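Everything on this sheet refers to the single structure shown next.
Chains here go by letter, A, B, C and D, matching the order in which they are written, and residues are numbered from 1 within each.
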Amino acid sequence: MVEILLIKLVVAGLVFAAVLNLAGFHTWVERKQSALIQDRIGANRAPIFGFTMLGMFHGVADVLKMFTKEDIVPDRADKVLHTIAPFFSVFFALVAFAAIPFGPPLHLGDRVIDLQVAKIDAALLYVFAMLSLGVYGVILAGFASRNNYAIMGGLRATAQMISYEIAIGISLIGVIMVYGTMDLAELVRAQGQLLGGWVPFWGIFAQPVGFIVFVTAALAETKRLPFDLPEGESEIIGYFVEYSGMKFGMFFLTDFLETIVVASLATTLFFGGWQVPYLTEDGFLFPWGGQLPVQNWVYVLLGVASFSIKGLIFCFLFMQLRWTLPRFRYDQLMNLGWKGLFPIAVINVVVTAFVLAFLGGSS
Amino acid sequence: MKLTDLEDRAEVILRRYEEPKAAMLPLLWLVQENQGHVSPEAEAWVGRLLGVSITHVREVVSFYNMYHTEPVGRRELRVCTSLPCRLRGADGLLERIRSSLKISPGETTPGKEVTLTEVECLCACEMAPMAQLDERFVGPFPPQEKEAIETLIQDALSEPGGPEATPEPEPYICSDGPVLSTRFKDPTGTWLEAYTADGGYSAARKVLTSMTPAQVIEEVMGANLRGLGGAGFPAGKKWSFIPTDSARSKYLVVNADEGEPGTFKDRYILERDPHALLEGMLIAAYAIGSHKAYVYIRGEYFRPAQRLQRAIDEAYGRGWLGKNIQGSGFDLEVVIHPGAGAYICGEETALLTSLEGGKGFPRLKPPFPAISGLFGCPTIVNNVETIACVPFILRHGAARFSEIGTATQGGTRLFCVSGHVVRPGVYEAPVSVTLRELVEVAGGVRDGKKLKAVIPGGISAKILTADEIDVAMDFDSLRGAGSMAGSGGVIVMDESTCMIEALESAARFFADESCGQCSPCREGTGWVHRIVHRITEGRGTFQDLDDLLAIAGDMEGKTICVFADAAAWPVQSYITKFRDEFEEYIRNGRSGRTRRSEEDEACPV
Amino acid sequence: MAVKAVQRRELTFWEKLYIPQIICGLKITSTHFFRNLFLHTAHLLGRLKNVPASVTIQYPEERRPLMSRYRSRHRLTLREDNSPRCVGCMLCETVCPARCITIVPGEHPDPDVEKYPIRFDIDLGMCVYCGYCVEVCPEDAIRMDTGILDLAAYSREAMRLDIHELMGPKLRKPISDCSLEFPHICASADGEMKGGWDSVPRSKGS
Amino acid sequence: MPSLTIDGREVSVPKGTTVIQAAEKMGVFIPRYCYHPGLSVAGNCRICLVEVENLPKLQVACNLPVTEGMVVHTGSEQAEDGRRAVLEFLLANHPLDCPVCDQSGECDLQNFYMNFGLYDPRFREQKVKKQKAVQLGPHVMLDQERCILCSRCVRFTDEITKTGEIGIFQRGDRAKIGVYPGTELENPYSANVVDICPVGALTERAFRFKARVWYLSSAQTVCNGCSQGCNMDMHYVLDRPHLNEGARVVRVKPRYNPDVNQWWLCDEGRYGLEWIDKARLQEVRGPGDTANADTNSGKATWEQALGAISKSLAEWKAEDVGARIGVIASAKLTNEELFLIREIFRDALGAQVSAWVPEDPGTCDEFLVKADKNPNTRGATLLNLTSPDAPEAERIVDEALAGNIDLLWVFGYDLVEGFGEQKVRELGEKLKLFVYSGTNENPTQALAHWGLPSAAYVEKDGTFVNHHGRVQRIGRVFSPLGDSREDWRILLELGGLLGLQLDWRDPQEIFLGLADAETAFAGMSYGTIGDQGVEVACTKPTEGVTAPW
């Protein structure tokens, strides 16, 4: 029992460390990526012993700065809620990772270790529950600040969450219908099959429309451009207007964490999670009949790498979108959510149901 | 001599004046004669005697040129560099004296022998270029006559009071005109006997015994006698302005502050026929009911003042002045008041202010002097020559006088001809004489040169070119010709004259002599001089000529007295009539004629 | 105001779909991204140095040339004897819209100069760099041509420049250590700058 | 009464009036430098040129007596041209150093030049060099280059002070103003030459380089330096305290009042105002919590002070022994305050009240300076607060020392100066309550039980009556410094605490009450007093304005 606990702790620690570091790394990526897009150089200072590492230490400096900055709590703010809100945000963004499998089970001696922090049957529900709860942090921050702009930001966030949560949920129904499970580990495993012997049976192929709806709505969930209306730096600043120091940093962090969560989810749901095409537990089984047996640890490593690369590609994509698209107007946001994504998702479910009925449980 | 030792003499001087402050100039003269200069102690002493603050004494001392505030040499050599003298070589003379004495104007020789000063017109233009050694006029000293100049310098370095080698000047006196100059040639004619022998004082006797003041004024009016100081205001009319019903005392003031460059006629009357002036004064005083007359003589006229004083003393002795003159019951006192070197005091109100012991500031008119003049009392100010005409009128009748001249101006005038003529000097002629005739009478242009221009009435008058001189010399004709008769100083310029340098000389004179009261004149004269001076230094621009005309125009008619106008007229006339020459000078940076810097003694200016 | 109605272009179906348009956008940004990524990498390896990958100027190592009329930090110009040209006319203090200039004039030993500043402070924290002070100065005594752009300090007090600093733009030290040639050597104020805002009682009426 | 036309409008003026006066009367301002209504006409600046029909030349308006039917144009092209020409001449040798000139901003040369000037100067020559920064006397600096030789100052010293210190030396453009070398411009009115100087040639040494005039605000007040009550404008600066080392009053200028001071102000009054900003009492000082009531070492609030004082006074009243209260008022207080003191202390409490304090007479002359240095002695007399109607201060002090008075309030008067420190110290020990209220720190204040800071006279409204019986408003210039309060406010609050029916809220209302109560002031109000004041009804022609005009 203690062993299991230890193993879980190690896995949880690994996820925690990876995700947080990735989030930190994101600040650098965002700087550099935007710089490259805009023909700039981007962060290239903050040397440590003369090394600048392409400006990578700026993130470190940022963190140090945020920790040492004066923490301001507005006079009329609700002190407790104001303090709790950022922790809420970060916490729910982090715990969402618990249910995401990031690799195939690892055989260590005779012990099988799931590369997933928590094996939950209805993991999908859990993840979305956590993501939905994240909005509480935003709302609390907005209300506790006692600042009109903050409240406005909080309200916008709430409305946006509700509008897009529905689209996400419905878009995923198709996935669930196709794979018949809500356990993410199962879902990933199911995507390991081949469709017609050649094409991996990934969600993207099974549910292309669902994917688009999901990605769009999930982006909205992250409150990043082009859906950053709750923040809206150029108009209302948003729910964290009254935050400074590390509390602000936590909202900032949440932003990146959510990006990673969404990227991970998209990978898991639509791109086969840790699956590598044609790679099974026994090795590569190419459709043309070729075979390449691999050790279990290679298999696991390849799985983790696959998951990571897919996730990073999504992160990159989201970032690229953020530096490409301008912000939506609020009415456009609502139109898109309610009049665009929602009906499309519903139609997608119906069409999926029909297709499944016709195929008659071929999966 | 100590100041305390002068108190008695100061007392005598103070007694001459109605108000103590009026004794300012004589007292300062007294101090300077005895101490060589006016020291701060002396200023305090004078201020105390007069009941005037020491500041005001210093004001007066600093205003007049002839007072020294610092110790000076035992002798003073004043070299005139005004236009008439410069036309005949005053610059060369000054240069010789400077190089010989090794001092600049304003400085004193190290041994305190002599102080050299450069002065504006000493009104002895007939002996130009000339100088004044202490109280004596000496001249002429053409620069080429080196020996005469050396002699003058030796005299200057000798002890005062000793024998001097420089001869008395011998001015050319050809004039024996009908009215004023009949007695000039006779060196003994200044004595009372000689004057009475020539019929003098008969007019005065007639007036005192048989005429009323109104009749006298009537007679003078009928003679068309104009004020010959320069303004040309009918003398009789002026006299008639004196309020007859006023109980206040009335004053007659004779303006002998001759200062206009090119004019020297009054000096001849004062020196050679003082009794004519006294008789005229007696008649005039009778006509206006005055019992006190002042003669304001410019400070540089030492000998004329002495001659007049001698005549006055004689007249007192013979009962022609003082109480109950010749038993007629009429009283008249005459006081000579010395000026101290300020051209502006020739203006009648400035003369009155100066006479009252102030700086020579012209007064605002109204009120006019005939209503409120000297000491606030009705006052008539007349020029020496004007008054000297009066005996003739009363003796021979107004008609005789008036028919000599033109319809609007009777009689003759003493014309002072100077500059580039063969025989500079005083010429009496009827006022109807033309300018060309005058120049010819004076021998014409010297050295056979061609005539270039003539100033008909003293330096202030607008210049006339050689083509314009066929004009009668009375006031109205000259005004018609665009100039003025002024003081009768005719300055002749030949073709070698540089008009720019002539204007510089005039401008310097006016800048130097402006009293500084009214702003247009104070600043304008200095401004004009600086521009013209800059042109003579070769740094002129064509814009300067327009500026000069504009400044001159702006100065005109905006001041208390006509000094500013007088300063503006030469500028306007020289530039408009000789613009080509000015432009050529500016273009070349120097005169196209002769340059002063060259040692060219034959062609001064 | 005239109102001009601009007809919006009706979106085509493909445009309404968003997705192709988004992809177009992504194409543009991605082109830049990958091109620059390639070039930067090449530059790191010392290749293709002549092909620029960015428009960035690396301030402070690289600086763009300043326009001659650029308004940088102020300085007080000097006479030949190293005393300030300023005559203390206070026109700059008068014209300053930010009221950042504080001048206390004093009597200069040379009567032809008459006035000179005992004190001349500019509070850069308040300055709006409008340059009016330079425009208005009748003596050309103040200029904004030092080219000093990096104006940062750790306190508001440190943003206040006194006359010593304004005369020698490098100098920032106590007056007692000052070696600048002053006509007065601060003597008329007993070696101190007088009349500071802090020493002045605030009047209620103002 | 000849009538003339100026700029198309007809006006009738008394005979002998000059055109400049006639124009001024009808509101046409003709520029002037040398002309000053208080001095003789010099006519030398030539700026007041006007065009008169049928006269060939431009005339100076300052010396042109009006004649019947005269038609004057002040703004015609000819007149403006003439003025422009004159201005150009005036500026020819002017150094044009307006930026460093103290007069800049209130300079007639600057103003008229802006109106008529040739902005492109034609004068390109070397200017005449004259002396700058010449110290003429204790109060006046001279800049000969800026001088336009209008001779106003010369005429002022000749005609008004008759001291003749200033003169114009030399002639032509070398002419310069100055005093005789080695002498000073030192007469009791010397600073007036600065006021009348139309340019920056004469400047005040006290004001020199202190501030630019456009920083100054101005308010009307009267001088409290002596019983003449000269009208003046107080110039102050509140928003640039570095300029004047924190003092609010920068300078004062005389304000024209034909019946009091004309255009002039004495130097004593002009420079005697430092006390307004220096060494002021700014906080209420009382016995504090210490049992020792004989010191005022502790800081207190007004509420504590007035509460304690009124309680003591009320006790005395309850015992009906009012005569044991003594009040030494001051002729430096306003009529309103003296009236309140009389109402509260003498009439309501039955105290012995005196405004008659021993004081040595100061300097005086036959012009403006009066020996009585209190601005309101006449007012105190009219309110019967001086002998013989009231006891002298000396008697009150004696009675206090004799133990007949237990409660003493001194308004502003420095007892130590009048009676010696020993006596006052004794007073402090003997008296049950010893209150001092005043503006500035002095030894008496330190010895009183309560030291109340009161506002300076320029910090409150009110009226003074000058020696000649003229009631003048002093006008409020500043708000009281620190914690200090106007005396009338202190008295009104005290009256309220004592339960007296005083229905006045401000000096204006108090004055109306005073006008009702005193026949000398009958019918007056602040409205009728106006800027120039009015004479009290029963003016005794004691000593009139014996000015030399």
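Criterion: a contact is a pair of C-beta atoms (placed from the backbone, for glycine too) under 8 Å apart; a residue touches a chain by one contact, two chains touch by 3 or more.
Note that this is a predicted model, so its numbers are computed, not measured.
Chain centres here are means of the Cα atoms, and by that rule the chain farthest away from chain D is A.
Note: centroid distance chain A to chain D, computed from Cα atoms, is 81 Å. Computed centre separation for the pair chain A/chain B is 114 angstrom, with centres defined by C-alpha atoms.
Note on chain placement: the centre of chain A and the centre of chain C lie 45 Å apart, centres being C-alpha means. Once the centre of each chain is set as its mean CA position, chain B and chain D turn out to be 55 Å apart.
Every pair of chains meeting the contact definition is listed here: A-C, B-D, C-D. Chain D meets chain C in the complex at residues 97, 99-100, 131-134, 208-209, 212, 214-215, 238-246, 248, 478-482.
By the touch rule above, chain C contacts chain D in their complex via residues 87-91, 93-94, 102, 104-107, 111-112, 114-115, 119, 138-139, 194-197, 199-206. Chain B meets chain D in the complex at residues 40, 43, 52-56, 58-59, 62-63, 342, 344, 359, 364, 366, 511-520, 522-527, 530-531, 534, 547, 550-551, 553-555, 557-560.
Per the touch definition, chain A reaches chain C in the complex via residues 33, 35-41, 212, 320-321, 323-325.
Every residue of chain D that touches chain B in the complex is listed here, in rising order: 41-47, 49, 56-58, 60, 63, 65, 82, 85-86, 88-90, 92-93, 122-123, 125-126, 128, 148-149, 163-175, 179-183.
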